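Next up: the structures, one after another.
Presented sequentially are two complexes of chain A, the first with chain B as partner and the second with chain C.
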Partner chain A sequence: MALSVWSVLFVNQETLFSYNRAEMISYIFVAALLQGLILATSLHGLAQRVYSGEISSLLLKPMSLFSYLAIEEVADKARNVLATIIESGILLVLFQPQIVMPSSGALILFLLWTCGGVLLNFLFSLLFGTLGFWSPETWGPKFLFFIFLDFSAGKLFPLNILPVWLQTMLSFTPFPYLTFMQTQLFLDKVPVGDLLKHSFLILFWVALLALLNSLLWKRGFKSYAAQGQ
Partner chain B sequence: MQRLAIYWRVWKMSGTNALQVAFVNRGTNLFFLLGKSFRFLISLLFLLLIKEQVTTVGGYTNDEMVVFFLTYQLIDVTSQSILRNVYQFGSQVKSGELDFLLIKPLNPLFRILTDKPDINDLLFLFPMTIGSAYLLSTLSLSITPLSAVLFAVLFINGLILALALHIFIVAIAVSIVEIEGVVWLYRDITALGRFPVTIYHESLRLALFFLVPIGLMTTVPAQVLLNTKLSVSLPLVFVITGATLILSVLFWKYSLKKYSSASS
Partner chain C sequence: MKKPIIAVKNLHKHFTVYKKQPGLLGSIRSLWKRKYETVAAVDGISFSINQGEVVGFIGQNGAGKTTTLKMLSGLLYPTSGEISVLGHNPWDRESVFQKQFSLVLGQKNQLWWDLPAMETFLLNQAIYDIPEKRFRKTLNKLVDLLDVADVVQVQVRKLSLGQRMKCELIAALLHNPKVLFLDEPTIGLDVVMQKTLRDFIAEYNKEFKATVILTSHYMDDVKELCERVIMIDHGKKIYDGLLSNIISKYARNKTLSVIFSKPVAKKSLEKFGTIKDWSESAATLLVPRKDATKQAAKLLESLPVIDLNIEEAPLEAIIREVFGNKAKDA
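Presenting the complex of A and B:
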């Protein structure tokens, strides 16, 4: 849909929101790939698994719970990426759009930032999992978060088409690092001087979320009972 | 008439049950409502942002694009609120619960499709309709009483099409048990109706009018409301709707004949 809509919007325009046609088409394809790689997760039901006591059996396994969940997540992402590659491949063959390719240096950094994004989303999923320690109402907050994430990560449309005040607000959150910033790097739209800053910011958000997770999971396990499991 | 009263009583009972569940999980439902409202506002924001950059999209003005989007929202949310139980049908087949529905003195499709109305969507319909009406009043459109009446007729026609497509989904689910993928495919295809389907590539456009008639569900009603040229004539719209409904019921009956009740 995004491909068709943006193609129509570019019929009578050379550039829109500082994107030319090739850049916007590239944005759509890269964002779709990152959707499968970063945003898609197998841990939607983690909080419910915690609340129902289902994780008890995982806690008894000779490996840490987080390693087990990480492996589940990697397997799910491999499947998603494969599906996205097939889907994108068909679209590329059908429409043969012009795709912007980054330099090799930018591509390496793009892969590193993507790994950072994967880690960030994994930590977010774990964070939502802790809801299950204290409340049966786990789907509502997660649903609202998903909807907000679709928007704030740049999955629906590039964040730099938004009003400046909204872009500024979002830049103080980790969400743009879950798709948007990676696509900007791919399209060579991040000033070289800012690359280090963004790399540090990804590390900062990863560290902060890891710390928050550590605190909440420890506290959660203290109140975990799972009677009847 | 008496038969209709029975169906109404059954639906009222399942609706009341769904309402009670919604009140028990008040927090969760509040989050769902907030999420749906946020998604609605973001889509509107996107249309407003486009308005600043382009004057027409695929031959339609930006105000008209808003009407297409609001029409899609109205038909989609209404149909989802009524037919939400379809999402759970896969597990009903797996667990064998379907057998209990088949032996009841009611058409099994009725409970399969409408058993648990989505209270969130029903609640969301009120603010969304009020907001949409307000938004429409601010746009420069030429809506006449006749176009409004025809829109109402096509709105009901759109719901019938949604019903037919959901019958296809449950018929497929009886055969392959897995329903999630089919439902999400339907949701993704329906989402194409957020914009007039006439803007898409010709092959896709034809498929959306005549194969999976999302265009008849969302685009034609909006075209009628706007008094613009119709992509498909009204008699043909009704013929395709009738044919889709009949085919879906026939396919459902065919699937039931093949159903072996292996899980129960």
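Presenting the complex of A and C:
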């Protein structure tokens, strides 16, 4: 759908919001791939699993709960990426669009930032999982967050089309690193001088969320009631 | 003196429970004003258990049995008190500790629902780091003992409750745990299956010198497996000792079952004890424990008795009475 909408918008124009047609089509494909890789998660039901006591059988085993959840997540992502590749492959064959390809150096950094995005989203999912320690109502806050994420991560449209003040505000959050910044790197739209800054910012958000998770899960386990199990 | 495998000292677990007013108005009011109550699920329990003991945890629903087991296995964080299992604090959840115990919850399962039980066994082999040779040996033995060779390759959701419970036990025992926490392992099973599982648990205890804590509402489980019992009521320990001693401590009466050669009037039996059942040719009397032999002799002397049995009261009845009295005292 995004492909059709942007194709119509580019009928009478060469560039739009500083994107030419090839860049925008590349954005759509890369964002779709990143959606499967970064934003899709198997941990949507984690809070419910915590609340219902389903995690008890995992906690009793000599393994880390988080490693187990990470493996579950990786397996889910592998399936998503395979589906996205097949879907995108069909679209590429059908429409034969022009796709912008980055340099090999940018591609390596793109892969690293993507790993950072995957880690960030995993940590967000774990954070929402802790809701289950204290409340059965886990769906509402999570739903609002993911709706907000659709807009703030650049899943639906590039963030450059937003007003500058809103872009500035979002740059103080980790959300652009969940898709948008990776697409900008792929399209060679990130100034070389800013690459290190963004790499550090990804690490900063990962460290902050990991710390927050560590505190909340530690507290949560102390309140864990292992209900129903 | 032998060092206990399990040592619990002054253990408490309190839960904060939200008390909701009924109806829509109650729901709306709860948005800004909530009433909470602290419930003491476990209230100052202490005990110790030595290696190889099979101890029965007896108590009514909500007495705190499962909560205690969950604390012993490191699932729940105690409000206060000390626990040591195999020399470890369960709450630390160290791998080396977790590889030495198993918690089996009768009403829940760790088996993957959509896959054959064998897949869970293989996963457990990897998680518990069991060498292939030992894994195969233990698996074959357990499968053989529980007679489930033909079901381990069938999807778990297609198994009967009994078959599933047997597979649960196998999954829990593959790593040869030294300590077993069994919470209602025979719940919902028919009597034949209950007996099979009981025999199996006894066999496992004997062969591996495993320490077992068992909770069950079926007194047959406790009678057959446990020499020692711990009775819990409202989170407090009310008895800890030999099962046989419960009877002498709490059973006030013995039952005399008498069969007569000639019809005997009900009135002539009243002086021997409380008449529980009577027909002209047979009667059942409840007699104070200490007088049972004396009264039996008198019965034989004064009435045309052809058969007489002196029986202890059933364990279920004694326990019911103990808990009933405690409830009245409370």
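The criterion applied here is as follows: the second predicted complex is superposed on the first by the 227 of 229 C-alpha atoms of A that agree within 3 Å, B and C clash if a C-alpha of one lies under 4 Å from a C-alpha of the other, contacts with A are read in each partner's own complex, and residues count from 1 in each chain.
Quick note on the criterion: a residue touches a chain if its C-beta (ideal position, glycine included) is under 8 Å from a C-beta of that chain, and two chains touch if they have at least 3 such contacts.
As the structure is a computational prediction, the values presented were derived from the model and not from experiment.
Taken together in the superposed arrangement on chain A, chain B and chain C fit without clashing. Which of chain B and chain C touches more residues of chain A: that partner is B.
Residue contacts after overlaying the shared chain place A:S56 against chain C, while chain B stays out of touching range.
In the superposed model, A:L162 makes contact with chain B only, not with chain C. In the superposition on chain A, contact is made by A:A225 with chain C only, not with chain B. For the overlaid pair of complexes, the smallest distance between C-alpha atoms of chain B and those of chain C rounds to 6 Å.
Contact residues of chain C toward chain A in the complex are 15, 70, 73-77, 93, 95-96, 98-99, 102-103, 105, 108, 110, 124, 127-129. Within the complex formed with chain A, the residues of chain B that make contact are 25, 27-32, 34-36, 38-39, 42, 45-46, 49-50, 53-54, 57-58, 188, 191-192, 194-195, 199-201, 204.
Here chain A touches chain C in the complex through residues 56-57, 59-63, 221-226, 228-229, going by the rule given at the top. Chain A contributes residues 1, 4-5, 8-9, 12-13, 16-17, 135-141, 143-144, 146-148, 150-151, 156-157, 161-162 to its touches with chain B in the complex.
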